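The data blocks that follow each hold one structure.
What follows is a pair of complexes built around chain A, which joins chain B in one and chain C in the other.
Up next is the complex of A and B:
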């Protein structure tokens, strides 16, 4: 079953890397890209993606704040924050926002593990 | 190079520029949390990018810088000159790697060793400062000093160093790792207010009290941050638009969808295509003329159609050339870094200011300006800006100011480099000119100050002997003038003794670049636009027959009339050439004809200056161009010539 994936990162190079990982697992899925939080939220409004992969380190609204916003606006979307910064604090903040944490650079394996947890929409309401 | 490496190259360059601009800004204002955040994010993304393309050496090197910046953000280190220098060195190394990547198409080998060097540098310089104490009692009797910030021309009623440390600590609190809760913000605002009150800065203290009264943290945070920063730097409320290097916006501006990034080559292809369309339109003109001469009833209609086409083509050409414009900021922003080094070498503190950096000009002009401007900057620093004791004696600020200004004047662009130094030393110029035999003693005597100043443009004036890419003739204002004139511009120097010097460049807004083939005819060189050239042949004289009143040659079963170029241009008819005839076969308006020339030269990319003034109506000449060796080449309009 095909799904919609939103990829948010201000670096096009980083988005290319995520897409490459995604392609190796699910080349048939639809992807959307955004380079900042504003564009991302717009896409969420329009497309209601199943999955959102957010970079943490972005100017303006960072990935963690965006994750919280997304969980509010679109609770059915599965959100993961991607960051090279593995500090416990960041990981916890991600969890607190209802998002998974994925380390950067993103590998196909890490992505696959995350996607395994996706089929059941989380029913917890914030 | 694969897609990933291409994108990596593109993005990394932009990030490196962002980081550099922010670092230079931090050098002058080490506690600017926003700039610190910018550098940090840039380096973090650079590191990420390196990881994506498996450039491990770069990952390591940038990681070392990132660690330093993390410590700085947490308040464990100050961004002092060493820290900034180390980070800049890291960015430099990255840029070098990127250059190698671009040249070779592959990640640079030997990068691991370079990375080792960078990492070692950061390790050597880890001096973690003690965090500034937040409980220092203000000491009103301490006099204001410059607190180790790089020299600037600030007013003398600055807060003393310890007070500034306290303010800096409050800023750190506002932007702390815990995100600055309301409690933190309140504490910071109140502390700062008390501090300022102790220094009789009642108005500022009141402002902080008002901020402290704000209810919502997210309103309070940016306001408090801005006010604390302003107080720390003692700057007036509204930042001037023309502040040195620190606020040049990054080249990376794709936050809105109204801009597109386009490959420069595509634009050049479009420009060439537009040129061809222009030629095709000219062919219509010819057709219309022929129809008129033949009394063809279609003549009038054709003439109108051609006129319509000509308008559209001209508009198209203007629009397309307009795509190639860049803001002058692109070349200006290369200088703060270089100036910093020159200033340190010569021990002459100087501040570089910009104005009008968003003014646009053709890409060719903007790119060509780098070396001339660099040379002018060097001169300003070497000769213009006086040494400290002299400046002090003249009651000038310790830090000299050089301003680079750009503005649009009609269809030209004006760029000025103005310094507040001592002006041009005409006595020295007279001496050097005499020494180098550029003028005899009597003429020098008779010259006005302005005329003497203009002597710096004379070839042979410059004292340096290195050869640069400017013109192959060496550095010096003569090379600058040659480069500027080659694009159709003018440069002049204006000096006010004791007050300063301004070098003024007037350049055309857009340029037309074309490729020509140079040919020799009648003992002179001419340029034939390459778009009109189909082929060139050499044939033995006996193959040139006569058809009616005209000579002709048969090429691949086609009879092509041949005209002697020198004769077409009004030169006397040639003697019979002993050897083979060299013929350039040109096409226009669907027809072909041959031009007999004496010899063929090379292909040249030139900037065409249309004829103006007295020569404007000369038939057969499209314009002129200045060759690298200073000669003028006449470029032909083949269609006109053959009518």
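Up next is the complex of A and C:
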């Protein structure tokens, strides 16, 4: 079934790259884009996305703080934090916030692996 | 009075791509630095702009401390130029302490300063340059690091300086080790042919990265 995916990154190009990877796997899924945390949380309130892919290094609220906030507002949303900063502290904080960690630049393989682990709310595992 | 515009301007998306590449490069470099310091390196979002050499010197002059220290490395390939890591001299001890360990005496730290600065610069600059080169599928030859104390005009007048019209890719980034904040600048001096090639490579990179959702006009 089709799902709602929220993509948050201050870089337009980075959002394009995530959408490209997503298109190669699930072209039918609905996408929402936000360039900062405030816009992202607004979309979360309105759309309750199934999946959120968040950049870590953003001006204002960073992706880890956003992940924690988002999980509180919408516990059913599956969250991944995407970052070029692979330091173990960042990876651990993502996991502590209940989010997966995906290295930047995001590859379709890494995204597929994350999405496979996201349970389908409407169907049992194929 | 504002200095003249640089000879090559980037589109919004090219600017975005360059910022993203620097972000990737610094992120990779932080892994190496973390290994040295054994503590998380905190990084801000880089602010990237292409400016004239005069503007770059002005930008550095506007920082709080005027005495600066720079680690620089020359690079050659499809793009040639010089990369610099610049920060206030007053903060350099803090950085050296973080890198070589806090249990050392001041005397030892002073002795190790040049080496520690060179190594820190080497990791950050190589991290950025190699990430950018790899993303473009190109090779850059990178020289050994050298440490210079001075101010903006000293750094941007280092020989060999090919041309007065050359532009500076100016990157402002805040990096911090938990106990001490070090505000640093990364700068890349590029001559006009290199800047033109950089613009072309960025346009190719944008098409590769986002081709399913970008129109040719956006990719410029």
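Worth a mention:
In this text, the second predicted complex is superposed on the first by the 119 of 126 C-alpha atoms of A that agree within 3 Å, B and C clash if a C-alpha of one lies under 4 Å from a C-alpha of the other, contacts with A are read in each partner's own complex, and residues count from 1 in each chain.
Following the convention adopted for this analysis, a residue touches a chain if its C-beta (ideal position, glycine included) is under 8 Å from a C-beta of that chain, and two chains touch if they have at least 3 such contacts.
As the structure is a computational prediction, the values presented were derived from the model and not from experiment.
Taken together in the superposed arrangement on chain A, chain B and chain C clash. In the superposed pair of complexes, A:57 makes contact with chain B and with chain C alike. Of the two partner chains placed around the shared chain by superposition, chain B and chain C are both touched by A:105. By the document's definition of touching, neither partner reaches A:1: not chain B, not chain C.
Of the two partner chains, neither chain B nor chain C is touched by A:116. Comparing chain B with chain C, the partner in contact with more residues of chain A is C.
Once the two complexes are overlaid on the shared chain, A:36 sits against chain B while remaining clear of chain C. Contacts of A:11 after superposition on the shared chain: both chain B and chain C are touched. By the touch criterion defined above, A:86 lies against chain C but remains apart from chain B after alignment on the C-alpha atoms of chain A. Between chain B and chain C, the overlap after aligning on chain A sits in one stretch of 75-83, 309-317, 543-551 or 561-569, namely 75-83.
In the three-chain superposition model, chain A touches both chain B and chain C at residues 10-14, 16-17, 57, 59, 84-85, 104-105.
For chain B in complex with chain A, the touching residues are 3-4, 7-8, 11, 38, 41, 44-45, 47-49, 51-53, 254-255. Across the interface of their complex, chain A is touched by residues 12-13, 16-17, 19-20, 23-24, 26-28, 30-31, 34, 40-41, 43-45, 135, 206, 209-214 of chain C. Remark: chain A residues 10-14, 16-17, 19-20, 23-24, 57-59, 83-90, 104-105 touch chain C in the complex.
For chain A in complex with chain B, the touching residues are 10-14, 16-17, 35-36, 57, 59, 84-85, 104-105.
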